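Labels run A, B and C following the written order; every chain starts at residue 1.
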Amino acid sequence: MSDQALPAAAAQKVFGRRWPGQDMPLLVKIALLWLVAMIVIAIVAPLISPFVYTAPNLRNRLVPPGTLPHILGTDELGRDVLSRLLISIRISLLIAFGASIISAVLGTTLGFLAAYFRGLVEQIVLMLADFQASMPFLILALSVLAFFGNSLGLLIGLMGLFGWERYARISRGLAISASAQGYASACRQLGASPMRVYLRHILPNIASTLIVSMTLVFPEVILLESGLSFLGLGVQPPMTSLGNMVGYGREYITRAPWIMLSPALTIVCTTLAVSVLGDWLRDKLDPTLR
Amino acid sequence: MSTVLLRATDLSRTYGSRRGLFGAVTKVRAVNRVSFSIAAGETLGIVGESGSGKSTMGRMALGLEAPDEGQVRFAGEPMPASGSPAWRAQRARMQMIYQDPLGALDRRLPVIVQVQEPLDIHRIGDQAQRLRLAQEMLARVGLSSEQMTRYPHELSGGQRQRVVLARALMTRPDFLVCDEPVSALDVSIQAQVVNLLVDLQAEFGLAMLFISHDLRVVRQVSNRVAVMYLGDFVEEGDADDLFAAPLHPYTRALVSAAPVTKRSSGQARIVLTGEPPNPADRPGGCSFHPRCPLAIARCKQEAPVLRSVEQGFGRRVACHLVEPSSMPNSKAA
Amino acid sequence: MLRYFAIRFGRAAITIALVVTFAFVVLRLSGDPAQIILGPEAPPEAIAAFRAAWGLDDPLWLQYFHYFGAIAQGELGRSMRDGRSAIELVVERIPITLALTLPALAIKLCVGVPAGIYAALHRGSLADRMVMMLSVAGFTIPSFVLGLTLVLIFAVKLGWLPSGGQDSWRHAILPVLTLGIGGAAVLARFTRSAMLEVLGQPFIRTASAKGVPWRDVIIGHALPNAAIPTVTIIGFMIGTLIAGAVVVESVFSWPGVGRLLVVAVANRDLAVVQCILLLVAATMVSSNLIVDFLYGFLDPRLRQTVGKAA
């Protein structure tokens, strides 16, 4: 119980009335700033991109960066790299956020079901979690894509199956320890329905731990999506994503390395920023997590 | 006495515990064929060491745990299955007070919200009424209106236990199980909370099952007292009678060990020897015999049954050395 | 002891069964398996024969059993691209992939484990912070970015090494480095945290307080205990020897199993995809089994319970 108390109390400090801006290291501040910038870009990308990201301009092919009006240059079809980058950030973040939320909801639900029913349901959930953890997800994802073809919705759904087992394990463990003793069992004794106990009491109490887990899964989702797109099996043209840009830019690595450099850098910075923030949050909220 | 509110008949509960990952399952008999009844407005105190099965019995009395054998009847009806809608609805009539009030409260909600929650759960009154009733109850247990909006960790241990008490009383229950309600509190606070509990019991006409290892507190609160040892009732009777003249050797040892101001010179302190009781390894015969200063050969072979004895009203003792009652069928009220 | 082994084997069998079930469900959901496995140009007689052979007209549960049976006998269909047996196609790629992943594994072990131990023993030092920084980079830099960066430096700018292909040992250097650096960073981080956890345990403090030389404390007490969590991650790495180079093989046009998989997925060559999926599952499961048994030897507590149960 006491190890859940700490993150809960700490979470209140972090997310509640007192925001401790002063004890945030510089690196974490930079990471946070970068992520906020990325999210803002993702939201307003179509408004601020200087060109239409799919518009080819065959007279201006492979223009190097710094040549106005193409700040980041153009690609093999003369498309503006900056505009493509902005839209790519939007698509990649959309997939990463969508998938992270799906997997968090799915995993937490399964974890709660396992904790509530125990017995057979619990065994099945744990077996599936073992299965998922023991298979490389990229291979499973590739198999599904091979059988079903590709679309943005399928891709988000597929990525949403990534990492659920971690939420499931965590939420199951915390829910079991919470309902064995303490506030959850007290609430049950008040006559509360299981829904009320789990959603109104247990979920808010373990939310900080789940959020920390999310920051650990999120970068991996970005890497996974960009990997798939790099292989040409993720986001399909004319739509574009960060991995997709790197994949197509590879062909021009000798003549026009800038096509792949800016999306590659964006991927690295974003995953790095989430990891830095996640590490800090974990130390802050829940030192028991690995 | 008045009508029986709760009657437990031959309750038994056995836990299986496994040693290590692949070890054999050892059976632990936590409660062993225990019967008792509680009348409306009456308090039955349960005394015993840790591991004596008193908490398990409290949980069975509330229907939180189903007994392996025996039955609990509340207001004449058998206890519904734990977690069923009928059981949940019944929670409005029976409540529990916990040893650790901080653990029993949700740290992420202000206490007023939590005190109001039983009314939300059982859909009593509208929002405004619920809030007003919660405020009144918190004021009744002695919290200032400023403390009501605080979080549990911002209150003292005594205040938290008052909050738990207020929450338990919101639905005006008939029956309260208190499991070591003051043993986690500072000694100076204990008396205040116990006094509050006694006042509230009279005010609301509560029946209580009061579980504690602290004889003084039990004596102050209870009408009747039962002493548990390794899952058995070894002695039961009127609180004053029992503490004034304990009959069972174990009770005598407990009473003699309790810090009292006036110990009559004849009563020497009895120090129990031997291993503390281990419910996983119950001795044969009378389960107390390895530690009993008076044990005879018979105690090793034959387990004594709880029988009525002459001393005191409704007094029952499980000991071969205590003379049985001459009156047949004088069961506890 | 028997019970311990039985449980591990049971789990392994369940995982394999789940993978087969997964393949079966996906295959059934995606259309007529006969058409898919044999390809769209297959003559109707062949399809009819296939349907009969695989019992596709039977009820679903019977098909499910037959599917298990076929896989147990190694009947994994034919590639729709060149009509060759899928299993043959995959098996001939395995040594090509191992030519990358085995040296990479050696780099991971020889660099990652010592770096992690060193960092843990000199916690807070400059070297420790370097290792931590590099390991964070190893987590966050995708392998294709790392690979392309190496290409950009060593192939494009310096012209020392070829950027892709599989003609000589020099072609293997960059892909092996790409795989090895990323893995070493991950392993260093794991080893470091496992080591730190052990070093914080009371028995280490007791041993050093008793006057046991620090060197002996590390070798005799800390390392064996830190090995337990580290073995798990190494086991996972061994499990990915076949499947772990999908992206890197694509970056360097290395014609291994991973490249085959990507091409097969792009062409929807389902027999090949299914065959690789099962092969990967088999390697993962066997490496997990090996790790479980190693655990039994490394963890005296487990050894004790195992001994007791016997």
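Quick note on the criterion: contacts are C-beta pairs under 8 Å (C-beta built on N, C-alpha and C of every residue); 3 or more make two chains touch, one makes a residue touch a chain.
Which chain is which protein? Per UniProt: A = Peptide ABC transporter permease; B = Peptide ABC transporter ATP-binding protein; C = ABC transporter permease.
Fair warning: this is a prediction, and the values are worked out from it, not measured in the lab.
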Centre-most chain [mean C-alpha coordinates]: A
Of all other chains, the one whose Cα centre sits farthest from subunit B: C
Centre-of-Cα separation between subunit C (ABC transporter permease) and subunit A, whole angstrom: 23
For subunit B paired with subunit C (ABC transporter permease), centre-to-centre distance based on mean C-alpha positions, whole Å: 57
Inter-centroid spacing, subunit B versus subunit A (mean Cα positions, whole Å): 50
Sequence positions of subunit C (ABC transporter permease) contacting 2 or more other chains: none
In subunit A, residues with contacts to at least two other chains: none
Junction residues of subunit B, two or more chains touched: none
Of all residues in subunit A, those that touch subunit B in their complex: 1, 5, 8-9, 12, 181-183, 185-194, 196, 201, 204-205
Of all residues in subunit A, those that touch subunit C (ABC transporter permease) in their complex: 127-128, 130-131, 134-136, 138-140, 142-149, 219, 223, 226-227, 230-233, 243, 246-247, 250, 253-254, 257, 260, 264, 267-268, 271-272, 275-276, 290
Residue ranges of subunit B touching subunit A (in the complex, touch as defined): 62, 64, 83, 88-92, 95-96, 98, 100, 103-108, 117-118, 121-122, 151, 153, 164, 167
Residues of subunit C (ABC transporter permease) that touch subunit A when the two form their complex: 11, 14-15, 18-19, 22-23, 26-27, 29-30, 136-137, 139-145, 148-149, 151-152, 156, 163, 193, 239-240, 243-244, 246-247, 250-251, 261-262, 264-266, 268-270, 273-274, 276-277, 280-281, 284-285, 288
